[in-house]
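Letters A, B, C, D, E and F mark the chains in the order given here, with residues in each chain numbered from 1 onward.
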Amino acid sequence: MTTSTSGSSTSGPAPSGPFVSRKLAELSGPAAAAALTADSIIVIPTGAIEHHGAHLPLSTDALLAETYATAAVERGAAEGLDIWILPTLTYTKSDEHHWAPGTVWLSWETLMATLVDIGRSIANTPARKLVFMNGHGGNGAPLQVANRELRRRFGLSTFTMSAGIQRAGSGGADGADELGLGIHAGHGETSLVLHVRPDLVDMSKAERNIPEHIAEMEFIGFNNKPVSFGWMSNDFGPSGVIGDPTGATSEAGAALFEESVTRSLAALHEIDRFSHAVPPRD
Amino acid sequence: MTTSTSGSSTSGPAPSGPFVSRKLAELSGPAAAAALTADSIIVIPTGAIEHHGAHLPLSTDALLAETYATAAVERGAAEGLDIWILPTLTYTKSDEHHWAPGTVWLSWETLMATLVDIGRSIANTPARKLVFMNGHGGNGAPLQVANRELRRRFGLSTFTMSAGIQRAGSGGADGADELGLGIHAGHGETSLVLHVRPDLVDMSKAERNIPEHIAEMEFIGFNNKPVSFGWMSNDFGPSGVIGDPTGATSEAGAALFEESVTRSLAALHEIDRFSHAVPPRD
Amino acid sequence: MTTSTSGSSTSGPAPSGPFVSRKLAELSGPAAAAALTADSIIVIPTGAIEHHGAHLPLSTDALLAETYATAAVERGAAEGLDIWILPTLTYTKSDEHHWAPGTVWLSWETLMATLVDIGRSIANTPARKLVFMNGHGGNGAPLQVANRELRRRFGLSTFTMSAGIQRAGSGGADGADELGLGIHAGHGETSLVLHVRPDLVDMSKAERNIPEHIAEMEFIGFNNKPVSFGWMSNDFGPSGVIGDPTGATSEAGAALFEESVTRSLAALHEIDRFSHAVPPRD
Amino acid sequence: MTTSTSGSSTSGPAPSGPFVSRKLAELSGPAAAAALTADSIIVIPTGAIEHHGAHLPLSTDALLAETYATAAVERGAAEGLDIWILPTLTYTKSDEHHWAPGTVWLSWETLMATLVDIGRSIANTPARKLVFMNGHGGNGAPLQVANRELRRRFGLSTFTMSAGIQRAGSGGADGADELGLGIHAGHGETSLVLHVRPDLVDMSKAERNIPEHIAEMEFIGFNNKPVSFGWMSNDFGPSGVIGDPTGATSEAGAALFEESVTRSLAALHEIDRFSHAVPPRD
Amino acid sequence: MTTSTSGSSTSGPAPSGPFVSRKLAELSGPAAAAALTADSIIVIPTGAIEHHGAHLPLSTDALLAETYATAAVERGAAEGLDIWILPTLTYTKSDEHHWAPGTVWLSWETLMATLVDIGRSIANTPARKLVFMNGHGGNGAPLQVANRELRRRFGLSTFTMSAGIQRAGSGGADGADELGLGIHAGHGETSLVLHVRPDLVDMSKAERNIPEHIAEMEFIGFNNKPVSFGWMSNDFGPSGVIGDPTGATSEAGAALFEESVTRSLAALHEIDRFSHAVPPRD
Amino acid sequence: MTTSTSGSSTSGPAPSGPFVSRKLAELSGPAAAAALTADSIIVIPTGAIEHHGAHLPLSTDALLAETYATAAVERGAAEGLDIWILPTLTYTKSDEHHWAPGTVWLSWETLMATLVDIGRSIANTPARKLVFMNGHGGNGAPLQVANRELRRRFGLSTFTMSAGIQRAGSGGADGADELGLGIHAGHGETSLVLHVRPDLVDMSKAERNIPEHIAEMEFIGFNNKPVSFGWMSNDFGPSGVIGDPTGATSEAGAALFEESVTRSLAALHEIDRFSHAVPPRD
């Protein structure tokens, strides 16, 4: 439920006073309990610590999920959303990069157990809407499973979205020479890190690595084709990159970031209006 | 690897003689071991026993997965594919219908454990390609997790596809009034059962049930929108149907079936050619 | 509770009309909920996909469990039993054949988790009696554990029986030269498959393999002696057979099948009359 | 392998010297490692702490398993068997008595995990034969599962037997009025405790409780009929007894004990001679 | 709640009559249910079967835990405590000695599952206070976890203490040359076994093995320093001893035993008075 | 192994160049693999998100663990230690505060599974020393279990220490009126947050809550007495505080912080010198 965009700090359910923050964990327990209502939206960024080629930091996904989600929550709060962010779930399911030193990965059982425990904890607050803003593709399937598990077991309204929702077909995230396969450490992701933490990127190590035989396939693909397949990131060569980061720029990252935050924010407004109950009919 | 389309029964790795069948479990163990090679494709249909409204049988998903997969494997074998089918995994993850008597569902842990055990078993044969042909949407996420788990742990090449791949945008499966939301017991699924087992359909009980508020959403949706959400099938009313089966016909089912088998078969040919190794370059 | 043997289709709790089937999964969820009562018996055949020597199909146990159980349920229904069958649990605990390519086996944890999930699902219907008709000896112990677990946790009345109960001492299933050790792919089982699916048997590959040292033992044995032992099927030689299938005939299989179905049906009538409550006394 | 019956303490693999004991845990680790060979038999009694009516102690099964096993191991050692006993597994799977205060029970998962851990530990010694001498019927099925699991995973030769094997048909354990249903706290068990620990029996509380309707059944029964069923001990009335302890005597217990130990000892000799390898043929 | 020190056998909640014992499992279920109240204290000794060098038995920890706890419970009962002992949990978490043949160890999962199952069982009695008297240091951390888990899930008041609480700084347990590192099979433990079961000790095999580099550390240590570390007992040499047993004597063991039982008994009296509720204030 | 304190950035194994950071996840995978050696120390702060009374933020433990560990690692690196920090494990085992809205807690199984997965990941790097710097007392026991588990399974040298090691007996962390019981949200912790994030403290809500009956006990206590007990934080009243934060000051926090970091740093130097191998003797 959107609180009044004017004066939300004085009349709405959101907390007021010197310690107000939309970082829920920065509130005390009683303050959090008082601030939250059944309409509150709780956001948890889900990242990863995993190999992203030789040019990007291991923390890329955690960094982007947290940066995106923080921006969306702050803007949402400024626009009157009753929205809160919890600390990033940093270590997640990166088994496709398990071979690469530096990847710190949870098995599917451990990630699911973690998500269930978190859901049980959220269900002990007044809040009933939980949004995972996900920065790592490999978490997508477990998060879908968790969406349903948390709804069935705890009655929560659960949502999963990419931390930065891109405009379908906009091509903003795709590099010109990526054949639509820039899914890991490629043009988009590299541009984004160049935008938010350029000190962590070593463009001298950026190398194109595209599994072109996948691009030629009609059915088998990563996300947008009807046959999914089990892959390890080193199935496509030793670099662990799937994409072409060589043309990435901070400017492209900035544009992508803005577009994505705008769209994510719009999605959060929709989540705010969303109700699981069937709307009344005339 | 496609065996020669002529004479596969006499010169290829496929078994010959009076007991040949592409139902792998109808072979003896030694015959299966002799028939399979590293290029063999093993198909497992994954269905469900779950509530499908008052007009469709509980077995709808298992029935369709098995019928689709059997047709695709038989045609594929006739076209020279080194392809085999194992018995349908009948009971799977139907937690979104847990409320409805007659649904027999596995938890995510149990389904995943089952898939891991099956993968371990397949890895003890010469075959290295495993395809899940899935008839129940709720299995999609766990099967993606299993794809990766079986590749990492057992070195299998794993694939998941809808048992019947539909032509994107063809609309063949969608009823005119479904708003693209006919995902469960709707026009397409009902037409298909009318085609393959009309005795199991009671069209007098068919009722339209569309969560129209979902159709109006820009971001939140079932499959084709950027925000997924956790739902139980009775979140949208007591019928458990999500779609409009009222206009379903056997003819529409027949057309959908043919189109889908044709496309699934093409996908299986692509899987036959697929290699996880990076192709050699000039 | 046995429904009236005359007119059960018009006056009893069993469903009537064009879609009636005793295959419960062929009913819709609401039809199943309406058809079942606290006295209904639900039967689940439990088979296996496992090595059965070079002459029998991998599916032998699943095939026989399903064939036996279907016959018993159909005859039981014709005799007025309020009895229903669910799809066969095809993949089960075949760890003793894990070494043989083609065996697809679940660990004990996975099988138990599956049985618990199924029990939870059955408990959500009006039915309270659940019968496992088992075609694979290796499932016997886990099914006994499940019998108790499902009763304790879900209040079900649970039963486990061999899919085809043989007459004690009748010798119908034993080959003359089996020394009572024809427990796997031997005379009885081979004869049964010759009866129900002769196209799946290759008698030219049938070989006698009897661990005669076991027969000579006074205490240690497979089932009928006081000391059980942990064995893998290849502990007794590479064939994986434990028995003598060489004299198996379709006629012996037909006789064995009839006798066993007759006895299983009698057992199901007893289950129908069974009550966990202590009967009243005069 | 039976060591020489004369002089086993000086020439065989068994340890000698002042600290020799057949209680393996009374040896030091190095002494145990030196004493054990691949032919050594390790015995673990498995009992239970569970309700046994108002007249018998909660420890009945643990007491009897330990007493029986100790007697058999001591006599076996005296007869030259290379046999050792480990401490009793006291808490086991007593879920059928979970309702009764004083029962301390493990779930099937916990018991199985315990048995697997024990098997892993035994496999780290030179010994390869492990015998569970079981005093509680409810452990029978899990122990059969463990027999196989420990053989598959750790290569052990595993055996499970009743702690006191009774002569089939001898009737020694059955009370005259038990209808063959004296399976828990009945004539046999009560007589045995009267023999070994009469101070723990309160015969003034002994009451007959026989589920006579079970006796009348042709198929359904506890152990000796073809249909097993899931039961809780209070399904047959509030006493938790299944049997008739009222005529139990110390003399009957003594006779039963002697007969059973004699038979168990004979079984252990057979285990000593047992080899999983197929014996050579002429 | 302490019962009257005079006449507790006639007027208090403790049972009376010929079968009274403070070994709870020696009572019948109904007698245990009648004897226990919400103030009853239930003690479970937790030992281990693990390598203790070449001079001490594998059962050292189980033996000492049981001996200590039995003495404390008997004396406590004589002093009027409403206190009971259950059988020793013999096999526990000895993973630090997993390398040594003869160690029989449970994984942390198995031990925790066992403790949870035991807690659930205790919670089905009237008693609400559960004390683990622990003889093996490696169980300390899991028992702390269990303390909390059993309180949260079952509402029990849970306590963990060393089976024999030593006087801080008394040095009674430390050998002169142990540098405070006699934590396993050293002076104290060896003296204690010499006291309670001298037949199980082979002093000719006793050897000093002290990781002197640990003693020199300021921060890293076994128990009494701020940095704990993960160690296997063979990290400190092949003997598996951590301490100096060479000077152990039965007399030192007797003195240590008496002091420790006295202190443990005082602790049990404090547990008797303990209430989780905040005491009333003036 | 301490690298040269002068010039560690140019000659030692530590990485050099523009992307060097001691935040390991800020390096790329290949850079991390190149930077780490068998002597490298990897630090993981372990915090909690849990109720800390009405005056401190939910994130207190995560905040302090991260702040402490970051300071120690930065100073250690400046002093030449080959030391690295990974992201904070934010959500951990806070079951004692499960009742309080805002606590986000993992079960012991989930935390242990997480720690095992992290250990497996670290073992895939060249580093062999792993240090948990822990900010939440409730993690102490599971971390001890993990210390051992990771050493046994992955061969790591593992350590657990308080994120800020206090000087024993210094009293710096204890408030004058805390009776030594200021273990949660009391004087020390509150002072520390006042030092590092004063904006997150609301001293107007600070209230003293001391379970004085615990202070009076001789044996039972939180950490420094021989009997541990299972407690929930609301066992001591509704505030969830255990301590007296009312006198906390930023100055006290600053002093405590400096002292603790100094001592933690000294401990890390000791860990750097530590070897599991027994040192050579003369």
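Here is the rule we use: contacts are C-beta pairs under 8 Å (C-beta built on N, C-alpha and C of every residue); 3 or more make two chains touch, one makes a residue touch a chain.
Since the structure is predicted, the reported quantities are computational estimates derived from the model, not experimental observations.
Undergrad: Using the touch definition from the top, list the chains contacting both chain A and chain D.
TA: Both chain A and chain D are touched by no common chain, going by the contact rule given at the top.
Undergrad: Look at all chain centres (mean of CA atoms) and spot the one farthest from the centre of chain F.
TA: C
Undergrad: Greatest Cα-centroid separation from chain A: which chain?
TA: Between chain A and every other chain, the largest centroid distance is to D.
Undergrad: In whole angstrom, what separates the CA-based centres of chain B and chain E?
TA: Using C-alpha averages as centres, the distance is 57 Å.
Undergrad: Determine the centre-to-centre distance between chain A and chain F, using the mean Cα coordinates as centres, and give it in whole Å.
TA: For chain A versus chain F, the centre distance works out to 28 Å.
Undergrad: Chain A to chain E: how many Å between their CA centres?
TA: For chain A versus chain E, the centre distance works out to 49 Å.
Undergrad: What parts of chain E, by residue number, touch at least two of the other chains?
TA: 98, 109, in rising order.
Undergrad: What's the contact topology between the chains, one of line, ring, star, complete, other?
TA: Here the contact pattern is a ring, one closed loop where every chain has two partners.
Undergrad: Beginning the circuit at chain A and going via chain F, which chains come one after another?
TA: One full turn from chain A through chain F gives A, F, E, D, C, B.
Undergrad: Please name which positions on chain A make contact with chain F in the complex.
TA: Interface residues on the chain A side: 18-19, 21, 23-33, 36, 49-59, 62, 86-91, 97-107, 109-110, 113-114, 117-118, 121-122, 124-126, 199-202, 205, 240.
Undergrad: Considering the complex alone, what residue numbers of chain E touch chain F?
TA: Chain E reaches chain F through residues 95-96, 98, 108-109, 112, 138, 140-152, 156-162, 165, 168, 211-213, 217-220, 226-232, 235-237, 263, 266-267, 270-271, 274-279.
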